[in-house]
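Here it is, the structure in full.
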Amino acid sequence: MQEVRTTWRKKRKIENPLIRYGILVLVLAYLYLAGTGVEVNADRVSRGLSRVGLLFSGFFQPDFQSRGKYIVEGILESVAMTLASSAFAMILAVPIALGASRNIVPKWVYLICRVFLMLIRSLHVVILGIIFVIMFGYGPLAGVLTLMVNGVGFIGKLLAEDIENIQEEQLEAIRATGASWLKTVVYAVWPQVSTRFIGLSIYRADISFRQSTVIGIVGAGGIGAVLDTAMGRYDYHTAGAILLVIIIMVLVTEYGSSAIRRRIV
Amino acid sequence: MPIITKGNSLSWKRKTPSQQRTQFLVVLSIVVIFLISASYISKQTMWEFVSDAPIQIRDFISRMFPPDVKYFGRVAPALWDTITISVFGTGIAVVISFALAILAAKNTTPNSAVRMVVLTIIVASRSVNSMIWALLIVQIVGPGLLASIIAIAIRSLGMISKLMYEAIEEINTEPIEAITATGASRAQIFVYGYLPQLMPSFVGTSVYRWENNIRESTIIGIVGGGGIGMLLNSAINRLAWDQVMSILIVIFLTVVVAEWVSAKVRKSIS
Amino acid sequence: MVEIKDLVKRYPSGQEALKSVSLTLEENTVMALIGPSGAGKSTLIRCINRLVEPTSGTILINGTNVCELGKKELRLRRRKIGMIFQEYALVDRLTVMENVLSGQLGYVGFWTSTLRRFPQDVVAQAYTLLERVGLSDFVDNRADQLSGGQRQRVGIARALIQNPDLLLVDEPTASLDPKTSRQVMRLIVELVQERNLQCIINIHDVVLAKQFAQRIVGLQDGKIVFEGKSAELDVSVLNTIYGEEDWNIKKKKKEDEDDEADIFSMGE
């Protein structure tokens, strides 16, 4: 009988200890360098901490009255922006998603649409907001366009992925009948993805609402601007009121959207 | 798919009459809501500006190109700051989320009161946008990298914790049972039973969040201070469109690189 | 020796899984627990090492009442009770070696086990056991890369590295094909004899039970309805336990001889 081994070491992902420890050293060095770049002004922070009390008092005694008109307008604007942009985004996303699906369009169309979606998605919604405000001026129009473009990017990519995941046989079967491209889409593609599409759109509307509360900070309409102003004026009571409304509405829309999505699946 | 009888003949329609009516009503109400919203927005829009838009856009685009190449020198340190914000913000959030997730998962929480509290914290942190958090934090610690880091961290807390505690609730309990049956201590059960199952999804979630946070970090500077966002804000205020273009290009490239890194790391885990 | 007296398990819903069960297990014996689904077999097994907390009754293992042990003492006692599971219960992402070594967790300290620096004699034992169950070539493979039969053998090695005096086995063959089931059962029985253990096997396959166990206990609806030598198991007893059925419990000699060669070969 051969000698029994008595030692055993766990196999590591990176075998070479030099590389392993080298990476560790680099990571630590980075953390140190980056960390020292963060200025913590102790003085400012301690002064700020005393302000936390003010902030909390503001939130627990929200003031809905003095700027109430602005708050209501802001919320209505945010809601309107969400609804309008969602409708447009749904409509526009479909052709782009179809164009970005490898299994139903020629390669050049696919590439163009994919790159287009990538470009749109790489821009943060706030940056889109800035761009549209510059082009179209302050106000909810810029907001609608922002949310719409962001929405097209979101729905477009996910829908394209869904379309690419459909069962090939169904596609082939319809194609074999000699159907035109459009008919193929309607009869083979759409039935398989329609439920997911609705679910995605509802989810997107939820996200759009959340974003609509923020893009106002850069002037694209909605409650964000009102919040920014209130903060700037240190009006914590109004700010608290706005935050409460935002939180409640976000929770409601999130609950509603997931409830609807669960029912249709 | 129903078959409908009309007198003596059978016809086949895709939906029953009542289904058709429901569908019609749903579509009608959606269209009505849409029209109301659109008109509301239209009232708020200053259409003179909009008619101006095509000229504006052409002007805007012409000024954007060529992008200011010399400006890249200034962008680099700002980019470093932005990455710092995302790394530290995500890092802090991951550590705290780990603890929160353990408290929030049905199978590892000490008691349900604690669980409720933690779940509320998680929901609250997710509902509010990081920009809004930044607005708040700036009031406390003043503008700068610190405010941005904290804002990103708070926002990520909710998202990471939710995915983490869902992963904890979904683990396979059999190996845990087996490890317990050998007489292992609670800590050993955790290291041998829980960790190996949870590691991949934890790391995956964290890296995915980091990749997303890079995007958030680039603009959080607008409100919180620090990083590329602040640079972008000042360039816009100065109407220096070619510099704005440089910044946008850098942001785009950074996001692409971050996505690539994140995809590679996540693939190497699974 | 294991003595169970008047064991009761009642769930908060009121359901009584075990209704005053009493039985005795001698050394160097394989006892099979059979009965219909929901009879309480799994519950009984899990009460012995308190993975399920008994409602009342006593469980004496070598004289100590397991039910009265505090947390720390329970852990110490569990070290000497090896358990084998139906779905193998391996940690999928860990290697075969780590899974086997995890049986020793009750014996080594936290840092020792976390850093995987197990003592030399433990590692030697692991290698020996892996060879005994025929998995020497799979030491560094991840557990989820193995077939069902191979995984079950890892589970057996893990239970044995605890140097147990009692082996609890919960449906070891439910997820395996008939040939592998016989190989696993034979391995368990051989190991029980080699190490002079006591062993309770919860099994639904009455053919295997009669073939490999020395004593059989029939459980029905939380109560023992039969206890005796496996030779005493015949059709009328089975009808008592399971209800009327067409029982084919003749041994199949030919299949047995085919399996002899396989247990020491590598892989499936």
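A, B and C are the chain letters, set down in written order, and residue numbers restart from 1 in every chain.
The rule is short, and it goes like this: a residue touches a chain if its C-beta (ideal position, glycine included) is under 8 Å from a C-beta of that chain, and two chains touch if they have at least 3 such contacts.
Since this is a predicted model, take the numbers as computed values, not measurements.
Colleague: Report the topology of the inter-chain touch graph, choosing from line, ring, star, complete and other.
Modeller: Contact map by chain: complete.
Colleague: Which two chains meet at the most C-beta pairs?
Modeller: A-B
Colleague: Using CA atoms only, can you tell me which chain is the most central one in this structure?
Modeller: Checking distances from each chain centre to the full centroid gives B.
Colleague: Among the chains, which one keeps its Cα centre farthest from the Cα centre of chain C?
Modeller: A
Colleague: Starting from the mean Cα coordinates of chain B and chain C, work out the distance between those two points in Å.
Modeller: Here chain B and chain C have centroids separated by 48 Å.
Colleague: Can you give the whole-Å distance between the Cα centres of chain A and chain B?
Modeller: 5
Colleague: So how far apart, in whole Å, are chain A and chain C when each is placed at the average of its C-alpha atoms?
Modeller: For chain A versus chain C, the centre distance works out to 51 Å.
Colleague: For chain C, write out the residues touching at least two other chains, lowest number first.
Modeller: Where chain C meets two or more other chains at a single residue, that happens at 98.
Colleague: Two or more other chains touching the same residue: where does that happen in chain A?
Modeller: Expected reply: no residues.
Colleague: Residue numbers in chain B touching 2 or more other chains?
Modeller: Chain B, residues with two or more chain partners: not present.
Colleague: Under the touch definition given earlier, write down the residues of chain B that touch chain A in their complex.
Modeller: Where chain B meets chain A, its residues are 30, 33-34, 36-38, 40-41, 44-46, 49-50, 52-53, 56-57, 60, 80-81, 83-84, 87-88, 123-124, 127-129, 131-132, 135-136, 139-142, 144-146, 149, 215-216, 218-219, 222-223, 232, 236, 248, 251-252, 255-256, 268.
Colleague: Chain C touches which residues of chain B in the complex?
Modeller: The touching residues are 172, 174-175, 177-185, 187-188, 191-193, 196-197, 199-200.
Colleague: Using the touch definition up top, name the residues of chain A that touch chain B in the complex.
Modeller: So the residues of chain A in touch with chain B come to 13, 31, 34-35, 37-41, 44-45, 48-49, 51-52, 55, 76-77, 79-81, 83-84, 87, 119, 122-124, 126-127, 130, 134-137, 139-141, 144, 210-211, 213-214, 217-218, 221, 224, 227-228, 231, 234, 243, 246-247, 250-251, 254.
Colleague: Name, in rising order, each residue of chain C that touches chain A in their complex.
Modeller: Residue list for chain C touching chain A: 95, 97-98, 116, 118, 120-121, 123-124, 126-128, 139-140.
Colleague: In the complex of these two chains, what residues of chain C are touching chain B?
Modeller: Interface residues on the chain C side: 49, 51, 75-83, 85, 87-94, 98, 102-107, 110, 113-114, 155, 158, 162, 168.
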